[in-house]
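These are the structures, in structure tokens.
Across the two complexes that follow, subunit A remains constant while its partner is subunit B and subsequently subunit C.
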Partner chain A sequence: MFRRYLSSTARNWNSAVTTTNDIVIIGGGPAGLSLASAIKTSPILKDLKCTLIEGNKLIDSLESYYNNPPEYIDKRVVSITPTSMDFLKKIGGWDYVKHDRIETYDNIHTYDSISGAKMEFDSPELATMIENINIQSMLYQNIKRANNESTENELILLDNTKVIKIEEDPHSEWPILELSNGNKIKTRLLIGCDGYNSPVRKFAQIESRGWSYNRWGNVATCKYRDNEIRLSTGWQRFLTTGTLALLPLPNNWCSLVWSVPPEISNILNKLNDEQFKFMINAAAKLSEGELKYLYQIADNDSDKLIDEIKWRLEIFNNKPTNNSEDYPLEIEFIVPNSRAKFPLKLSNADSYIEDRIALVGDAAHTTNPLAGQGLNMGQADVKSLVETLEKSYMRGLDIGSKIALEPYWSDRYLPNHVMLGIVDKIHKIYSTDFTPIVWARSFGVNVLNNVPFIKDFMVQQISHKD
Partner chain B sequence: MFRRFSTVSRHFNAGKSNFTSITQSEKEHFQQLASTWWDSHGSQRILHKMNILRMDFISDNVRSHIKVNADAETDDEKLFIPGWNHENILPKEISNQINKELDDATWNMYKEMKLQCLDIGCGGGLLSESLARLPNVEKVTGIDMTPEVIEVANQHKLLDPMLSNKLEYKLTSLDDIPNSNKYDIVTCMEMLEHVDYPAIVLDKALSHVKPGGYFFLSTINRDLVSWFTTIFMGEHILKIVPLGTHTFSKYIKESEIRAFVNTLKNEFEIIDSKGCAYLPAVGWFYTPSSNIGNYMMALKRKEVVEPVVLVKEEAK
Partner chain C sequence: MNKYSNINNINNINTNIRTIIQKRNFIKPLLLSLSTIAYSSIYQSTTLANKIENNELHSNKSKNEIELEKLSSRKFFKRPPKLYENHIPTYTYEKMLMFIGSSIGAFLHPERNEFIVTLGESTATTEFLINLRNNMLNDSIGRKILKDRPYITSNILNLEKLKTYPENSFGKCYYNWLIRENCSPDTRVDVKFIDDEELAFVFQRYRQCHDFYHALIGLPIFREGEIALKFFEYLNIGIPFAGLGSIFAPWNVKKQIERERLFKIYYPWALKTAYHCKKNLINVYWEKIMDKDVNELRRELNITPPPDMRSLRKLYKKSIAK
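So, the complex of A and B:
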């Protein structure tokens, strides 16, 4: 009716359609696999004909992760809330988690580079750090088990298969997908779990509004110096150039997320792992002025960088007013090939539903990883969508029709919008060095720290507790 | 001025088909609505939203009458059904587990029901399609007397392959359904307020319910609130209901239907009756009273006809 051809209607569209499905999910990321797993474990939805399509070679890597977990923690690590964890338990995935590779912590030290204002978030079980692939792997194992239990109506998982074209049946208006393996699937409901470039969103002509922060997120898996054992704590330092976060992993490992403007990101990219490691240690402690100078050295004279940082850190560490408890331990080792960078952006699609279409996870919204909410918002989407589908199915509605999908949209859009707003505001408050704002900011943080009610509200938002 | 919903009409000669037939003016009205029937985000939104609450009403009533242990032959086969407040007494995990097992058992029995349904005055088929998609329904027959709406219903049915074997529409009057056709569920939604002899239609409709089967209706009370909300606000002010949809004098009070069913109380019981209302930002919701505004009613036919207790009408 309203849309929408990514490309012109293929001739002979009908004769080439190989199967008709109730649900097709595009994307085998955390959102797509949780959705598939939740559908397969729902007593109401489990007999629907459902296919998940993933462009990458997923199954082999998930099997090999599950059977022979790699030595080092992967660089894509996310922080999940107790609510997300409960959901993963409910849909059965958690039975297959690799426990020794996750870390739960209940404390985040937040400090800033200019005023020294501090904020500590404290809450029972604030968050659990877990590899993206650990989540994917447990969900995949769970889907396998569910498929073994009901062999007559398996959920089909096609990996290494790209959706190359989406068009619309001119008569029924159901989407028809053309796959890289030559097959065509027609479906009652198409769910885009296909990440922030979502082809499904584009097909549905749903606008996604947002902005890029002109910041790059740099990630790496690191190990703290082993000379001191500390309780698991997350560290976040707000620098005017962006946030430096070190989030805890088992056995004194940690996960770095450091957001910087493109100029600095380019400089950091040129450094080798050893130099990069020193740069992290500098960024966790030294003043903005010193850091500015160090970026210059890194850019023009990188051979001198390590000595320069060593010298400055020694002075810093020996200063009696600098209490080492107030700062993270220094990084001693960076896992080879664990460094990566990605652009920070914030966006929210105008709608998460259309006739025959639903968007879930990053396809619907992206956030900066500062508050670690990207994945959690996706899990909440999945939970809500599955409940909506169950209800609509019980009501005999066509589960692909817009009216059947409406509760999902009204349930999720606003909370996601609020969360994106909070994350955005934190980012904006903390990325300026314009003095009056810095004052207001530290004042704000100090106030936050002293007014438990406001802090509790923020902790609640970040951990989705109620 | 108001037509009485006469209980005496049960004894009308039901053989005269004109009593259950559609009037010309109603037919013309629905002819005009036919083309927009499935416009769930336009002029028919209220009816589409109402369908959601009606389906909840129907399935909640059917589900709540499932007896989980009916087929169990020994105690071992029986599922443990704890007291009503077990959630407060038992540990959460156990009571959750019990609830889950009961839900699963009810759901499994529900799924296996294979119900036959008759939807009278089906219009473009909102309720008929929804019924036909239910896992516990085997077959739905939708009947209506306006050719254009039946045409729309048939066209729309083609869009969903899962309906092709489960749903059938007929352009026919209720009278032309053979007496021997019996159904587990008979429905009459938003229709009684459009006919001239609702008691005759109701009586005839009930005659098609199998023993143990259900009859569901939804209609509008004849009261000031109904006039205000459906005709004055709905049609004239907010214009969210197509003009001319309702004729106030044809509205039927819930108490009138109740009195009528009472004359059949050895065969039928009213198992549920709920008022409902619509607010644009909220959708449809149940109201505390079924005597005001819109309402839905559920009747269940007894498995066996209870002995007739003769109450002389004249004596009352």
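So, the complex of A and C:
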């Protein structure tokens, strides 16, 4: 190592390149860690020199999560499909999962806020709810195990290290990363798993196209009222202001994802947990008109809000035509400080690859969370990229060259694009209260819900089952 | 000889076949009895399984009760349950028939209350009522009305009590109007056909407050006055049948002069006033503002009363007499 350092400095005396790598991954999110884990467990790629760089303090938090998990489930929860789960099992991460903190569910019920048209998916093990940090920690443990097994070529995980600058080596045209700890890394292949505002994508000058939905996703971890035994079910209500999703977690807990326009999001942010809890219960049941007036009260007169919601819910629950089984249970408790929000947008990069560059996960594409597909698309990217790298390595290609990476892009771009498009259309169809469209979508949903083979096909698409 | 032998042969064969068939006769009963034995051995478990499936295992119901339950759970030919006390549940086709019948009836005989009432309810669609309810929810007084659910009768609005309100108060104005038009406060029929308890109240409220609008605006209750007020109601509150009335009812007004008066004076007045009116009249808590000054109330709502219809009529009659 030392000799190599000397030799490289001797050669490139004007630029202090300390190390040369085969692969550098930027970003320690689920995509980055599963990519690292997949490379380290691949029999073909495991001997490549590989580094993962993460800007935040990752290792400590992942270790502490693994050794003594926190009492409440984290607010950042994702839904993974059986296919993604199989992939995680294949790369070995699943051995370290915290089983008591994930929930596999068989039912998804969606309903329309205006017409009430319902869609009921039920299929064994449709999806699994899991914390982001649970995925990260199991992958980290898996990388640790892989490093212990082959001590010669360890995967280097640099956390709390920021990439200050990326530049191109004038001779080899390889990217050189300047790190906040003063080191420089030159790499054959740079993989960006660094999220929506990806610096890697900017460095590669790849345009990302799309639009903001003008919606904020509000998340929280909640507990249902314990008055009824129910199968764990994912509930989703399509309001014209955005979707309200209550996704099941173990022991009657649930995770809220409620997308609303910025003005309503501002109102919701002002509420305390108790008021917010009532607001969720109202949004799961009451009509759009009633909600509109409740937002106004929340804005101007929030002291009265709880009484008003109680009054409207009482009227709602007393109606003999309303069956309580058609709606989620009421929320009883919100975990303190578990509320957060994030902006929703659609984007898809023009290309996922460039010479010496590959983009994975959110760096390549972002989507509306209403179908719960974001992380699963990222996992599919990882799977495809690793297969591509294996193939090109076997064929003796330079794995950083564009031609070696091409199959990854051609494999993933279209499926991602189709999925983004479908989710976008669902969002658009449901964000209007224009009567003919409401009729059309309700009719469509009723047809889809009652024709078994179409429904089976859709379940297949949601869970990516073969 | 040959022939005979042949016949004998055939006979022999026939008897042979017969004996064979006769020999096999025992198989059927054997199978039957075997299957009976087999079925009787599993009969209990299958009935038990059926019971478990139908949730009948632990219910101590007699066969008779179960039969009755089956009868009552028939989907067709059965009315849905009542949603509130005076509710009469109806099917959509019945509502449509009601609409057709009552609209013809109301056109030909607008003086008959049952036609007007039924027309009002059969045209009050859920969408319209929900909009009106939302309008009330968005107004602090409308919200209070929805919470209190006031029900107006002559007990609450006692004529003797109304008389005692000071001059120029809304209560007195209402009293004067009642006396002039010779009617009493509880001549309003209950809502029956609207399929939602709260929405039924909303429509009931509109119907019960109809007289207050009359008093506030000062229009009489004969046909011409009603048509003018209906147009105003349609513009201000949005009641669908009021709109229908304001379009179709003038066709049936026989006197040329009355129709002219409507189109030249009262319809333009209604358009103008409804445009300037600051509040939906459904959101006024009439019972609570009985002692309010009526002119102040009109100023608050920004309503200017139209020219008095009765005096216009008198003027016209005089001009004819001359």
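Throughout what follows, the second predicted complex is superposed on the first by the 451 of 466 C-alpha atoms of A that agree within 3 Å, B and C clash if a C-alpha of one lies under 4 Å from a C-alpha of the other, contacts with A are read in each partner's own complex, and residues count from 1 in each chain.
Criterion: a contact is a pair of C-beta atoms (placed from the backbone, for glycine too) under 8 Å apart; a residue touches a chain by one contact, two chains touch by 3 or more.
In this text the structure is predicted, and so the values were computed from the model without any measurement.
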item: Overlay on subunit A: subunit C relative to subunit B, clash or fit; value: fit
item: Partner chain in contact with A:Thr20 - subunit B first, subunit C second, else both or neither; value: first
item: Partner chain in contact with A:Ser172 - subunit B first, subunit C second, else both or neither; value: first
item: Touching partner for A:Gln296 - first (subunit B), second (subunit C), both, neither; value: second
item: Inter-centroid angle subunit B-subunit A-subunit C after superposition on A [Cα, multiple of 10°]; value: 130
item: Which of subunit B and subunit C A:Asp398 touches, first, second, both or neither; value: first
item: Contacts of A:Thr321 with subunit B and subunit C, given as first, second, both or neither; value: second
item: Shortest CA-CA distance in Å separating subunit B from subunit C in the superposed model; value: 35
item: Contact residues of subunit A, present in both the subunit B and the subunit C interface; value: none
item: In the complex with subunit B, residue positions of subunit A that touch it; value: 20, 43-44, 171-173, 188, 393-398, 401-403
item: Interface residues, subunit B side, partner subunit A - complex; value: 40-41, 48-49, 52, 55-56, 59, 103-104, 107, 129-134, 137, 158-161
item: Contacting residues of subunit C [partner subunit A, same complex]; value: 81, 83, 130-131, 133-134, 137-138, 143, 147, 196-198
item: Contacting residues of subunit A [partner subunit C, same complex]; value: 287, 289-290, 292-293, 296, 308, 311, 315, 318-321
